[in-house]
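Below: a set of structures, written as structure tokens.
Next, two complexes with chain A in common: one pairs it with chain B, the other with chain C.
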Partner chain A sequence: MVQLKQVSLRLKSIKNIQKITKTMKMVSASKFTKAERELQAARPFGYGPRKFYESSRLIKAAVDSKDKKDAAAVPEPVQEKPEDQEAQKKLKRIYIAMTSDRGLCGGVHSGVARRIRREMTARNAEGTTHKLVCVGDKARALLRRAYSTSMLVTVKDIGRIAPVFADASLMATAIAESGFTYDVGEIYYNKYFTAVKYEMSIVPFFSKIRIESAPNMTAFDDVDDDQLECYAEWTLAALLYYALKQGAASEQSARMAAMDNATKNASEMIRKLTLLFNRTRQAVITRELIEIISGAAALK
Partner chain B sequence: MALAFRGVIRNVARRLQVRNYADAPKGDEMALTFAAGNKVFYDKQVVKQIDVPSFSGAFGILPKHVPTLAVLRPGVVTILENDGKQNKIFVSSGTITVNDDSSVQVLAEEAHPLESIDRSAAQEALSKAQSEFNSASNEKAKAEAAIALEVAEEIVKAASA
Partner chain C sequence: MSAWRQAGLTYINYSNIAAKVLRRSLKQEFRAEALKRDESHVRVTPWANGRPARKLFFETTFNTYLKRF
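After this line comes the complex of A and B, so read on.
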């Protein structure tokens, strides 16, 4: 027999949980609208550098493939020769995991961490040539155990307030000042599509040396060494900013969905428990009645 | 009177230019993407000319400019739109990329139209930057203050122009 008191306590605590999840959903909904609005302004920051990487043939993918119909006509993929693959292995790489400090938002962070783990295992990553930059505590917590030797920079305090450009430039500075000279880097982030859809994406970035030796760099005007370095660093900051914004929007949308589900689950539990509570109470009343009546009958 | 007349002449000249460019073939178009941390000013919009201040000197970009990279320095970016309208925007720092398909990307950290710059506030920022520059103790602080000073100077120059 379930105790009436226990059921009522449980019911109360679940009602409180529901209140919390509901509020969190509300909060993330308002943060989400803001993040989405700000994302609009940040989109060119991702588009610009990618467009340049494409036109200098650093990457193969056509950035404009979606809004241009002649996408099939643009550059045929660069053939990878065996020696290229050898060189690929020797590249010094940086992996940037774009997460935040906050959890309770579904698989947003673990998706990023899982992808990085997969890529690093596939490339037989060693601590000396493959470095990790963890943005947000979640990435650090998820990757610290397996790749403690690869940790380069960790950035905290992400996700509490909306990211600004200064955050991105601080990160870029930290990476520049870490003393690790990379060839290529990849930013792993969640790309926001709609309120219910986000996708793990990767955006590459390149060091000054790689940009200098890009296949199509000859088409470009001569640029000073200083300026090119400045350009590469600024581009990294721009890409970081873009990824931060994308990550923030997808995180908030994911949290909204997660909290919505939690609220629904709580109401279901509340419904079941209320039923149980009422039944138990009825049972207690009935039992007491029976006791009284049978007692009275015995006295006759 | 003379001033007004000059304005008329300029307008006529501009209109003539418009006609010239409108007749030009489509391949000469220059799609500008101009964004800052706070706002997107142009998104793949076709414009006529862009004047940018860069560390290798200020330069103008017309369609079919040779592909190039440059780093923005604080100053005013002037955009001549297709309808002849001139748009002046102050930028703090950033990059300029001219691609081989004649598309131009200008990414700035902060950018604001000249109209929204308050001159007195700019003056204030300048004097603050100056005092910071004078009181900077180590090399790094000095360099940072010098940058702030440069930006403030450019803002004041742009606001008073």
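After this line comes the complex of A and C, so read on.
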């Protein structure tokens, strides 16, 4: 009897959970369609800077690289001479982790955090030369313990509503006004491919001084100091906006998949528990019948 | 140096103010949708010495320039 009650309670709670995950899946599906649409409009913000980096030979990797290994590799600034290898180690860097505040979306946030941790340990990051910007509470939670001395800026309230360019502007201004003069920076974000595929990607950005001294800068006509400064400021905001949009689309698609899996698992559990419940119920009835009959037979 | 840079604006401020003016000049049926993009709802916290510091002055200057238009 006690077992029957426990099974029925468990069944009720799992049915509730299934309703919740099904609703979450539908909500994130609607947010996903909107996010993907807005991402289409935001693609030029990412393509432009990256094409410029390639034209000015600031980075080696081609923009439309077909090689899968290249796409996930960190695009490093072009190294002209062996002495530059040493200078490479002394570069002041910013790492920007693009996540959000909300969970239940598979491995989107942990993937970004893991990659940043790997890069920072590989480069022996110190608090003075390597700074971290955490966009979203998830990144902050995952990276706060290990890298609190490197933390430059954290950003909250991402993920509740769709990102706009004003958000990216605010973040870019915060980085500029923090007073840390960086040489290069990297934005770690989840690039959206299809509704079932996303991949962690890295896009670099450079300070005005590094853009000025790009190897192929002479190919550009009539570019003066003020314009380069505007361009450097603008590129950071544009790339942040691009990464925000990509991250939002990836997150919603990952949440859809995760909630779909959860709903399926819950259905499976409900099926098994229902069978168990019926079996237990019949066993109880049979036991009672046996007691009644044997009692009646004893009285005769 | 441009006039706006001498006044203390960055290019991002300049661009956002121009965008704000453009949104205000849209026709009625497109205005409401566009005005939603004017505001930012994220909260930025600068950190110092491994702990969150107080909000920097920049946030108010950024929004002040924006609100003027």
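What we mean here is this: the second predicted complex is superposed on the first by the 279 of 300 C-alpha atoms of A that agree within 3 Å, B and C clash if a C-alpha of one lies under 4 Å from a C-alpha of the other, contacts with A are read in each partner's own complex, and residues count from 1 in each chain.
In this section, a contact is a pair of C-beta atoms (placed from the backbone, for glycine too) under 8 Å apart; a residue touches a chain by one contact, two chains touch by 3 or more.
These figures come from a predicted structure and were not determined experimentally.
Within the superposed three-chain model, A:Lys19 lies out of touch with both chain B and chain C [touch as defined at top]. In the superposed model, A:Leu228 lies in contact with chain B only, and not with chain C.
Applying the stated contact rule after C-alpha superposition, one finds that A:Arg271 touches neither chain B nor chain C.
With both structures placed on the common chain, the touch criterion links A:Thr154 to chain C but leaves chain B unconnected.
In the superposed model, A:Asn216 makes contact with chain B only, not with chain C.
In the superposition on chain A, A:Ala172 contacts chain C only, with no contact to chain B.
When the shared chain is aligned, chain B and chain C each come close enough to touch A:Val164. Of the two partner chains placed by the overlay, only chain B lies in contact with A:Pro44; chain C stays clear of it.
Overlap of the chain B and chain C interfaces on chain A: residues 164-165, 169, 226, 230, 234. Chain A makes touch with chain B in their complex at residues 40-45, 47-49, 51-52, 55, 164-165, 169, 216, 219-221, 223-224, 226-228, 230-231, 234-235, 238, 241.
Residue ranges of chain C in contact with chain A, taken from their complex: 1-2, 5, 10-13, 15-16, 19, 36-47, 49-52, 56, 58-59, 62. Those residues of chain B that touch chain A in the shared complex are 33-40, 43, 54-56, 66-71, 93-95, 97, 99-101, 103, 105, 107, 109-110.
Those residues of chain A lying in contact with chain C across their complex are 127, 148-149, 151-158, 160-161, 163-167, 169-174, 176-178, 226, 229-230, 233-234, 237.
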